[in-house]
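Supplied in structure tokens, the structure appears directly below.
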Amino acid sequence: MEFILQPLTLLTFFPLLGVLVLLFIPGDKKNILRWTALVTTLITFGISIWVLTLFNASNPDLQLTAQYDWITVAGWNIQYHLGIDGLSILLVLLTTFLTPISILSTWTAVEERVKDFMLFFLLLELGMMGVFLAQDLFLFYIFWEFTLVPMYFLIGIWGGPRRIYAAVKFFLYTMAGSILMLLAILWLGVNQGTFSLPDLIAKGGIDPQTQLWLFIAFAAAFAIKVPMWPLHSWLPDAHVEAPTAGSVILAGVLLKMGTYGFLRFNLTLFPQAAVQAAPVMAVLAVIGIIYGAAVSYAQADIKKLVAYSSVSHLGFVMLGLFALNPQGVSGAILQMINHGLSTGALFLLVGMVYEQTHTREFKVYGGLWKVMPVFGSVFLVVALSSMGLPGLNGFVGEFTILLGAFGSTVLHSPWYASLAALGVILAAVYILYTFQKIFMGPEGSIVEEVKKHGHALRDLNAREIATVVPLLIFIFWIGLYPAPFFHLMAPAVDKLVAGLQTAALAMR
Amino acid sequence: MNAELLAFIILAIIAIAAALGMLFSRSTVYSALFLVLNFGTVAVFYILLNAPFIAMAQVSVYAGAIMVLFLFVIMLLGTEALPPSRALPWQRPLAIVLAVILFAEAAYLLFIRRVAAGDVPQPIQAFGSPQGVGNALFASYLLPFEVTSVLLLIAMVGAIVLTIREKGK
Amino acid sequence: MPPLNFSLILPLVTLTIWACLLLLLDLFIRSKDITALLAAVGLAVSLGMTISQIGSSGSGFNNMVVLDGFSIFVDALLLAAGLLGVALAHGYLKRTGIERGEYYTLLLFSISGMMLMAQAADLIIVFLALEMLSIPLYVLSAFARPRLESEEAGLKYFLLGAFSTGFVVYGIALVFGATGSTSLSAIVRAAASGSSNGLLLTIGSALILVGLGFKVAAVPFHMWTPDVYQGAPSSVTAFMAAGAKIAGFAALLRVFALAFPSLASNLTPVIAVLSALTMIVGNVIAIAQTNIKRLLAYSSIAHAGYILMAFVPYGQSNVVSTSVAAGLFYLVSYVLTNFGAWAVVIALERSEGRGLEISDYGGLGRKYPALAAAMTVFMLSLTGIPPTLGFVGKFYLFRAAIQGQFYLLAVIGVLTSLISAYYYLRVVVTMYMREGDPQTTSEPWLNITWGLAALLTVIVSLVPQYLFAWASAAVLKLF
Amino acid sequence: MVPVADYIGLSAILFTIGALGVLIRRNPLVIFMSIELMLNAANLAFVAFTRMYTALSMAGGGQPVYSGQIFVFFVMTVAAAEVAVGLALIVTIFRTKHSIDIDNLNSLKG
Amino acid sequence: MTFFYLAPWIVFFPVIGLLINLVFGSRFSETVIGTIASLASGLSFVVSVLLAYSLVGHPEAVRWTIGEWIHIGTLQLDWTFRVDTLSTMMMLVVSGVGTLIHIYAVGYMHEDVRFKSDLKRFQRFFVFLNLFIAAMMILVGGDSYLMLFVGWEGVGLCSFLLIGFWYEMDTLGRPSWANSNAAKKAMIANRIGDFGFLIASFLMFWAFHSLQFDQVFQQAPAIAASNPGLITAITLFLLLGVTGKSAQIPLFVWLPDAMAGPTPVSALIHAATMVTAGVYLVTRSAALYVTVPAAQFIVALVGAVTALFAATIAVGQYDIKKVLAYSTISQLGFMVAGVGMGAFAAGMFHLATHAFFKGLLFLSAGSVILGMERGHHHLAHHEPRKGTKEKHPEEVFDPGDMRNMGGLRKTMPVTFWVYLTGALALAGIFPFAGFWSKDEILASAFRGGFTAIYWLLAIAAFLTAFYMGRQIWMVFFGEPRHAAAAHAEESPQVITVPLIVLAALSLLGGALDLPGVETLTHWLEQTVVFIKPGEFVWSVALISTGLALLAILLSWLLYGRRPLKVGEVDPLKQMLGPVFTGMERKWFVDELYWALFLDRYVDVSHFAADVIDGRFWHDWFHEKVIAGTYNWLSHIALNRYADQLGIDAFFNSLGEWTKEAASGLRRFQNGFVRSYALFVLIGVVAILGYLIFK
């Protein structure tokens, strides 16, 4: 009992309860199924809020840890070890926050096999919580791989026309990365004698050369997940084919698992390798930023455009992480959240209009602002936040990241940040293009098209507004008053950076 | 050049010839008979290597029982030579090449690397006699002996299962 | 006259005798269900005895057989596999009209042979056990006569098996020639004292390796596997895939880890290459399969490669214990998953081998969610995705490889398991994402088999420590 | 004096020929005979080695080494068992297929 | 007593106003909406006045923090308002002019939404307008470069929204992408400038470890001494920002198109306030600029060249608003040149007066356009109000085209007089406001020894007077060249009253900084310590006045003496020919940019998307290399080629190729026992070979 009642354990495994309940509800009771799932995720969100209240922001270390010996026989030293600190708490909250929203968005979008859908969704949440909370490499890997399975089904069963292709591609790509990480994890477990992250960090003492190899192995897994250029090929397919809720979670949380992995493992376990690799990673990040922006501008499919914009945004996150200074890292963490909110919201909105029009081709849209004023205005705010307009969340992240990268003593060159700042211009280009093509200009053919099918395009309904308003609130909040968020992460970030700086000095 | 070596050479030639005959004769029956001849010569080798008991077993079990069984089956299934087949043209040459390599390896091992060096001293009395073998068999090798009995039982069951005709067929 | 302490091989003896009795009883039993039941009882009894042996150890019969943690573990595993084999068979035989009592007798005989193999401490016993487990399998493969596929499978298996036996015998002869004995302990002593002939010993052991490699279907001695697995009755295949592998690896571990550690420097590269080849070839050719039985056949080849990987560093005294434990653990996970998968196959198989194409699995997820879920678990486990036993098993195997510092081999291992993900996923894709109207048969024992297997595959993967402990306690002993 | 190597050499030749037979003959009976030939070659090696070691050990005043000969005995028995099953199989196939050309036995492949 | 605690309210009032209108606007009548919006802006004007009043007694800057913003390590940014003489002056101008324009807009939009037939948009307009005031207040009231940047981008957004206000049509109300394109163009051009701003702020932070004005300025001299290059870089990157926001070369191209927005927008954002933000920025950063003369000169040069360049274009325009637009660019050039030369007071002075008279001109132009519209609708149907529903695609009437006007002085007298005032002020005729402010800039150029710049500006001034004269003659004198002009009607009071107020300001605005008194200079000295009190230079004054009069005379000769006839070619065109075409076509700068950058970027992005990402990464790398490897591996045993295998088949286990693969696998797995045995033997031979010969 005491085991279950730990906040983090409860937080991680509560969705399982929902799963069990769902199993006993007949598949044709769609609304009951939906409500069950929604309530479960809402309670999970509640638990995460409870965790937040228990969380002591001034403590840089892991907190609320639940630690038990798990497999300590036959030379294994594997623990059940959950913990939370400034690096992860925001992502945890983001996850619990986005999941109910996504479920709400499926209310009318998912009509068949609702039961399976909700099952997989709750399992997915379980996996994601585990990834962000696990402090033991073995446990982490289990959750990490486990998230693949539900997502694979979500894309493969409820996805678009080429869903199978996208699903398998998603699975194989992600797995391709993680198996190398598996070997690295084993190496650590064998040679360091423990899988527990804190112990490994404390032990340290891996020679730089080996560090570099392990760093690469871990990076392979995370870089594909992020995805960093040029490993992004799976992302557009997955996003375009996935159902709306899937895209939201995929963009909102799953990609963050990659960046979080870099933050949690690569930077802490292999500081010297991180310092060595920083320029390379920064270069890739910058390429990703500009490349993603340029490519998304050329897309004819709205969802694809948003997908590529993720490549660009996460480029910023990576750049911030590998600035390896407080501004960069904090900015990166915040930007993870921002991207989750903005891009998540964008996918939601695209999904909402897609539900009515069943097409995502730019060319049929236009002048929608007149037809759907509320929708247009909401979309505008979200788009601007994703464009990094000051006063909205996107700016705070991007600015701090660029500021950090610009003066990073590890990259020691302003060029990375300067080129990345070009991405800010390009972002404006493709975002405004999106907004213009959908909402401005003469009325698009789709309006008539929809009319032909009897019902005119309607503006957002109450449920849809309820789905996006929470996101909007945070978009403004983080934009205007991000202090609370920074306070949550500051001590942990300072600790992390301190470690990295000592490593950097050791290199010299 | 003593008598034993001479005998060895002659017998060896016979054995190999018989084996080759078995291999290349078109008719199954000839193959079987060549094999019997080969087994016979091997039995003589056993005697030379003072293993009279094994030699006897060889003649009775192998050359006797087993080959007779073979001949029965051959008669049962007909002895006609198989028509030449088109399949696997590269099989035969490849096989022969491999065999040559295998033998080359063996020869290299035996006569250049001199593995299994060591001469065979003069014949020793009271060795390899039936009672000697028998003692060993039932004293030290009881378990294997029992296992072989079970093995034969299994074989019997298997043979029956495979060949018995259910009623109604 | 040395002491004959039968207690060492009590389960084995019991099982053999039980088999003989069953042979007689069967003549008077009309309903073969009872025969099956009796067979199961025999296995259960023997299993009980095996478990009661835990902790005890010793050697006997002039040091021909040993009893140690290793043999007990393997025996238990074999008997469990036997039980599953019976559970699978009894409905299936009836359905396909090949129900004969001898099936179970031969099954029991084969298992006793495997158990003997696990306990063998003398090459003579190894050889005899090899025959004792193989001959019933030859017969069982052809059991579905007069179905030509079955007979063909039987004959192929037999001819090639006998052929490989020839190598084993010759290998043993050379080992004997090198050391003057066939007893493992004597061989070790000879090898250690240097009175042996190293090269001859190496060649001999290599030939033995070939023979055993054939049994576990290691490339390039694997060619029989797909044909036999496909042709043989599914229940036989299921058992063969598990049992023969267990016995073969038991012998490999026993003989090489105990008798030939001195040859590691020579043999390790060979085994490493075999392992790599097996993983690659098995997984790659599997991609092209459309028949589920062949698919599983190639998958079993691939898994032989993985287990070989754990076996590669057998020569390093600090790793060998991990090696053995990892191998055993993986065998357990493989047996469980394998039987589960085959149970599903049998559930979908219909007469004249219909329902064996992967395409026949379309729509399973919609129509039979439970069955599909179970199959998904098995596929994930074979791929090595958590939370399944297969993942934990692979984790353990790779650990052995990494401890032995065979990093390249480990990388090949993970990459091939990535390839495997693709064809295992294809089954899942078909079940959930393609339409179809599959027919299944639901038999209580069958359902129990796959249900249980699926549950265990997941649950044990979450609490593997007990299995870990047991496997790592199953050390090889030498007397 | 015939050195043991010669015997081993002979057995190697016989073994190779046997293996060759398995590879190139299409009649399962002959293939089977070839396998028997391989076993025989092994037996020959066994007996030769037995004699060698017995001589060595007895020269050193030790006991004769029987295991080799015993092994040969077991090999013969096993061979007998195999023959029984093998021939049974061949007969069965012949019944169904009315041919014993194993090249016609390739309905299973891929 | 002081009112500094009110500082945040300059932002809060507009925000409250916009929120009210946003949430409840749909239920309010136009009057209510307009009142709320104007009130919001008016209240912040009152606050500005109170702040100014407080400063009189307490001239030092006051910083009023309302909350923490971004605190990471050394990066300490707060939401802090800065009340000093400079910011307060800007607040006064912004909220003052802003309020007037709000009031004007109530009347203007009332008709505009009817002409364009979308009444719902009235509300939206005032929401945006309040949002703009708020953003502008943040810009001028911010205490750190980053907070300034927030306003900086905020006003950019508002200009985007308001330029694209009629996003579904072009300036003539035809369905088109034109307006939205103009909006996009404006924002992207601004973003390019913002890029410069960002880089500057990065450099600044890592140089001064702060973005807060005082801290930066304190350290400026020291850093300048140790590392002048750094400061130069900062200032030049800031200049890039300025060129974006204040429409200087090279980023001025967006401003003319920005006239797509409703006239009040053109007046408020694109003449009076937003575009002057750049000037404010330079003045604010005076402490940085004065340390690097080189940078100063570049700034001045950019300003001067822009001034002349834009003036030439203005001469060639026919659209009444386009003329004013280019004139704005040109006047902004004056200001930038002024502050660039270190004549900060002069620059700010001109900023203020320009706000008055250019605002006035735009609004009057709007009034003129409305008048034309009315006349046009009066023609189309004798009941203008109702008839607005149906459109007349057959005839496209451009109410802003001066060639359609003429003789409006009779039909729209009030508008005429206020327009004239504005024109004279702009032309720099004594005693109008423009005379004083422009003169001060010229004088400081002359005195400061910037001869080149002086002459550039002087010629620009000459052209200014000319094109304004041209406009006056074409619009208000002669005979109507279009029936609409004949039937044009004067605008209602809600429109004319603000015009009259602004006219008064344009007339008397010079009093702000009369020579010898220099109220404004002394006012600004409190903040911008580097100001040199300007002195009046008679020669300069005489020259410029002379030039202006000459220009007006010239314009009378061309356009006034013999008014333009219907369809007649512009006389100047007859004389200058291609040169005039150049002016008319804005010297083809737009075309140049498209050819040089925009088209290139589009090509690049499509290349990246289709070729690199699509064909290379996706199709080739993934499908061929990775997926292809799978296929190839699975076919490695076959005599087949991977290229025959499509990716879809790759995932479709029932696809033909797998069947073929299975059959092809006979090659090895051929079912022949003998060849299986062969493989066994190969294995044996290989292993033995290795063991023996290794």
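Order of writing sets the chain letters: A, B, C, D and E. Residues in each chain are counted from 1.
Note that a contact is a pair of C-beta atoms (placed from the backbone, for glycine too) under 8 Å apart; a residue touches a chain by one contact, two chains touch by 3 or more.
Not measured: the values here are computed from a predicted model.
Student: Keeping to the contact definition above, tell me which chains border both subunit C and subunit E.
Tutor: For subunit C paired with subunit E, the chains in contact with each are A, B, D, in label order.
Student: Which one of the chains is farthest from subunit E, going by Cα centres?
Tutor: B
Student: What's the chain with its C-alpha centre farthest out from subunit A?
Tutor: In terms of C-alpha centroids, the chain at the greatest distance from subunit A is B.
Student: Relative to the centroid of every protein C-alpha atom displayed, which chain's own C-alpha centroid is closest?
Tutor: Chain A is the most central one.
Student: Nearest whole angstrom, what separates the Cα centre of subunit A from the Cα centre of subunit B?
Tutor: The answer is 71 Å.
Student: Averaging over Cα atoms per chain, report the distance between subunit A and subunit E in Å.
Tutor: 35
Student: Let me have the rounded angstrom distance from the C-alpha centre of subunit D over to the C-alpha centre of subunit E, please.
Tutor: Taking the mean C-alpha position of each chain, the two centres sit 96 Å apart.
Student: Using Cα averages as centroids, what's the distance between subunit B and subunit E in whole Å?
Tutor: Going by mean C-alpha positions, subunit B sits 101 Å from subunit E.
Student: List, in ascending order, every residue of subunit B touching at least 2 other chains.
Tutor: Within subunit B, residues 87-88, 91, 95, 98, 102, 109, 113, 115-116, 140-141, 144, 148, 151, 154-155, 158, 162 contact more than one other chain.
Student: Where does subunit D touch two or more other chains at once, residue-wise?
Tutor: Residue numbers touching two or more other chains: 8, 18-19, 22-24, 26, 31-32, 43, 48-49, 52, 56, 67, 70, 74, 78, 81-82, 85, 89-90, 92, 102-103, 105-110.
Student: Indicate the residues of subunit C shared as contacts by at least two other chains.
Tutor: Residue numbers touching two or more other chains: 124, 128, 131, 135, 138-139, 142, 145, 154-156, 159, 163, 177, 199, 203, 226-227, 288-289, 291, 422, 429.
Student: Could you list each pair of chains that touch one another?
Tutor: Every pair of chains meeting the touch criterion: A-C, A-E, B-C, B-D, B-E, C-D, C-E, D-E.
Student: Could you please specify the touching residues of subunit D with respect to subunit C in the complex?
Tutor: Those residues of subunit D that touch subunit C are 8, 11, 15, 18-19, 22, 28, 31-32, 35, 38-39, 41-43, 45-46, 48-49, 52-53, 56-57, 65, 67-68, 70-71, 74-75, 78, 81-82, 85-86, 89-90, 92-93, 95-97, 102, 105-110.
Student: Given the complex with subunit B, which residues does subunit E contribute to the contact?
Tutor: 670, 672, 674-675, 678, 681-682, 684-685, 688-689, 692
Student: What residues of subunit E sit close enough to touch subunit C in their complex?
Tutor: Those residues of subunit E that touch subunit C are 630, 633-637, 651, 653-654, 658-659, 661-662, 665, 668-669, 671, 673, 675-677, 679-680, 682-684, 687-688, 690-692, 694.
Student: Please give the residue numbers of subunit C that touch subunit B in the complex, ascending.
Tutor: Subunit C reaches subunit B through residues 1-2, 4, 9, 16, 20, 23, 61-62, 64-65, 100, 102, 105-106, 109, 112, 116, 122, 124-125, 128-129, 131-132, 135-136, 138-139, 142-143, 145, 154, 177-178, 197, 199-200, 203.
Student: Sort out for me which residues of subunit A touch subunit C in the complex.
Tutor: 70-76, 113, 138, 141-142, 145-146, 148-149, 152-153, 156-157, 163-164, 167-168, 171-172, 175-176, 179-180, 182-183, 186-187, 189-190
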